[in-house]
Amino acid sequence: MEKNKWPPGDLVIWFFIMAELLVFGVFFAAYAFTRANNIELFNEFQLTLDRNAALINTVALITSSYFVVRAVAAIRDDNSKRCFHWLLAALFMGLVFLVVKGYEYHHHFSLGINLNTNTFYMFYLSLTFFHFLHVILGMIILLAVALKARTGGYSAAEHTGVETGASYWHMVDLVWMILFPLVYVMR
Amino acid sequence: MKYESQKVAKLYFTAAIGLFVGQILFGLILGAQYVMGDFLFPEIPFNVARMVHTNLLIVWLLFGFMGAAYYLVPEEAETELFAPWLAKLMFWIFLAAGAATILGYLLVPYATLAELTMNDLLPTMGREFLEQPTITKIGIVIVALAFLFNIGMTILKGRKTVVNLVLLMGLTGLAVFFLFSFFNPVNLVMDKYYWWWVVHLWVEGVWELILGAILAFILIKTTGVDREVIEKWLYIIIAMTLITGIVGTGHHYYWIGTPEFWQWWGSIFSAMEPIPFFMMTVYAFNMVNKRRRNHPNKAAVLWALGTAVMAFLGAGVWGFLHTLAPVNYYTHGTQITAAHGHMAFYGAYVMIVLAMISYSMPMMRGREACNSARAQSMEMWSFWLMTISIVFITLFLTGAGILQVYLQRFSDNPMPFMVVQDKIALFYWLREITGFVFLLGLGLYIASFFVGKNEPEATVELAK
Amino acid sequence: MEDKKFIRPCTIIYLLLLALTVTTWFIGTKGFSGMQISLMVLGFALIKGQLIGDYFMGLKQVAGFWRWTVTLWLILVGCLVSYAFSLNA
Amino acid sequence: MAQAFTKAMARNIFYGGTVFFFLLFLALTFQTHSAWPDRDNRQAINDTVALGKKVWEDNDCIGCHTLLGEGAYFAPELGNVYKRFGSTDAIKAFISSRPKEGIPGRRSMPQFNLSDEELTAIAEFLKYVSGINTANWPPTNQG
């Protein structure tokens, strides 16, 4: 099969995907190295996190990403309507993520936990909240793409917008794939 | 120059250069006081000279930005300025207010000035860079509003280009964030926190939009590269600037009573602040290399490229040097900060204003496109003198800073501040001498406006 | 059809991602700890990341620099994190 | 068909990114506010300290000194001067003993002719500042 020179979507988004990955990468490394100096603290408070909620969220994001893959496939097939439906499904899974994560935050905040409580919670809240905001941003992008798809704004010949939104959304998923084990599981 | 009303910029630029000279003279006084502690004491104490030095810098850069806006907005919008009379009126008001404030600093003790201007009604004075009496601050707001109105109406009735839009956003942000200078709680930590919303969000936020817009304008004009390409780059650069710069404010929140999560957030985001500056360097050189024509104003192109390089070095590299929290723990509040400040301001803001002056002044003075070859060559000499001087000033201050950090904070037997100052006096002497070379460069710069007046304009052939 | 060629591997990848996720979760709920376990979990995460990059993001169909962007990032993060976890093991 | 490196996309990222990060900044600011009661020594603030801050500002002390590392680098750091000098009396004595005409050849603090009340106030202000939790900055007592 003929290979492309460029990744799917608008190239600009890929520059920002790289920038975002860089920031998250630095955050991950900072977490890991700080943990190395505070192992007891990190191990103790990691246990207070809700791993079941994190599982639901991981599944939600993977599923959502998969739905977006289907949406891209649909538009390549010139089927705007199907593309729109898959995007809606993806958005719904994004919403699931936000609700579950919101529930987790509610739990922590009701215990009076915030960025200043201790180093572990500082990292936990910083990392997940920064990611949380990315989920919201990604959903806004997907929503914009979905609305345009519904009015037939894309076609098999021209659907850069769908691919752009999809690439960003996969990045949000990708980051969570590392975040979940690092913060919730590895000890 | 296509529109008569653009000429109002000439007033602004003239004032800017005049105040620039004042700034440098007071810089030399400060440098002398660093090595001869009793110089001009008690007539002009250090704090007064420093206020004059920094306030003149801010005011002349504002004059420069306004002049640049009055010149480029009508040309971009393809229409005359909305109200040239208002621009002239505001010029004189601003100049008078600025001059009165500086004279106030110099003629009466600061405490008396505070009393005379009724600072107690709304105390805003006595904080770094915001030393202006409250009434001057209110005056600045009024001038800024009138200016924004004038520029905004011009843009509204004319063509809406990205350059104009970004410039307008930058100038609006400048006015909006200045409002935080009126917030001065007794709680020092809160005071400092919001003080940075003026200072940081200006110089590492909205001012960079202004810088980006002016640079884009100059590049469009001098290289003939497609506007679409330049505007796209402009968007990406300012996007990166704000994405890194807003949370990057956190690098000021390490040691002033703010919570410790800022050490992480500030370090990570401010470590990325050099990226937009690097992109700006790449972009400026790229555009010049891809130029569709050779502009005969070589000096303006030199200033524009110089801005890109020096902003990256001063703001990007020298900023990065001490932005990470573990490093900043030792360097915070030392000559390292001063070194960074000098090169960053010169590279990013002084040079962009001089680039704009260099590009537009010849046309406002009746030339077709540029000055004579002799005037340009003199101007380029001044470019190199001033730029190399500032590089050396930065290096000397960095040397002083490194020694200061070691002797005062890092060694086994930390020495008192004043003892350390004596030990690093050599660097201060070198800095002061270099300052005179800078003044020489500035003198040449001004002289370049007066030489070769009767000679023909430089042509493209000569420019190659 | 082009369509199926694209979807089918993605569906398989999707199921694979789910399986790895559940495994990770299982290790987490059991509270297993230690360097070997941690590195294994990290390994799963890196594999998941690579799959997402290759198939969902479609980088497998790309040649040249961009093909390796996600991979490079994963290697970098993987090295830093595993080094940090090996420090006090 | 991708590859277009479009201006519209760059614009959207600029607007989206700016709003996004400004909101993030506001969220962090909110967290900062909630952390302050434990760090900023607000319980020490009273009318004397308020007057002290006014004296500090009205004489532009920041024009020579740093306070918590911010200001001019011409004279010593004062955020920890209370700890360095050991008492408010020592601070008052230093300020009031500055010679009017300076010291030949050396840097000298001007004589500000402060009243007793103002002297007490500035010393109390500096004492309040020394109680702010600065994450162990400065590294040494010398500032």
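A, B, C and D are the chain letters, set down in written order, and residue numbers restart from 1 in every chain.
Just so it is clear, a contact is a pair of C-beta atoms (placed from the backbone, for glycine too) under 8 Å apart; a residue touches a chain by one contact, two chains touch by 3 or more.
On a predicted model such as this, the values are computed, not experimentally measured, just so you know.
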Chain ID, smallest distance between chain and overall C-alpha centroids: B
Centre-to-centre distance between subunit C and subunit B (centres being mean Cα positions), rounded to whole Å: 47
Euclidean distance of C-alpha centroids - subunit A vs subunit C, Å: 14
Rounded Å distance between subunit A and subunit D, as computed from the means of their C-alpha atoms: 40
Set of subunit A residues in contact with two or more other chains: 4-8, 12, 22, 115-116
For subunit D, residues that touch 2 or more chains besides their own: 5-6, 10, 13, 17, 20, 24, 28, 31, 35
Pairs of chains, among all present, that meet the touch criterion: A-B, A-C, A-D, B-D
Complex interface listing, subunit A residues touching subunit C: 1, 3-8, 14, 17-18, 21-22, 25, 28-29, 32-33, 35-36, 39, 43, 47, 51-52, 54-55, 58-59, 62-63, 65-66, 68-70, 73, 76-77, 167, 170-171, 173-174, 177-178, 180-182, 184-187
Complex contacts: residues of subunit D adjacent to subunit A: 1-6, 9-10, 13, 16-17, 20, 23-24, 27-28, 31, 34-35, 38
Residue ranges of subunit A touching subunit B (in the complex, touch as defined): 12, 15, 19, 22-23, 26-27, 30, 115-116, 122-123, 126
Contact set on subunit D toward subunit B in their complex: 5-7, 10-11, 13-14, 17-18, 20-22, 24-25, 28-29, 31-32, 35-36, 39-42, 45, 49-50, 53-54, 56-64, 66-77, 100-108, 110-112, 128-129, 132-135, 137-143
Contact set on subunit B toward subunit A in their complex: 236, 240, 243, 259-261, 264-265, 268-269, 271-272, 275
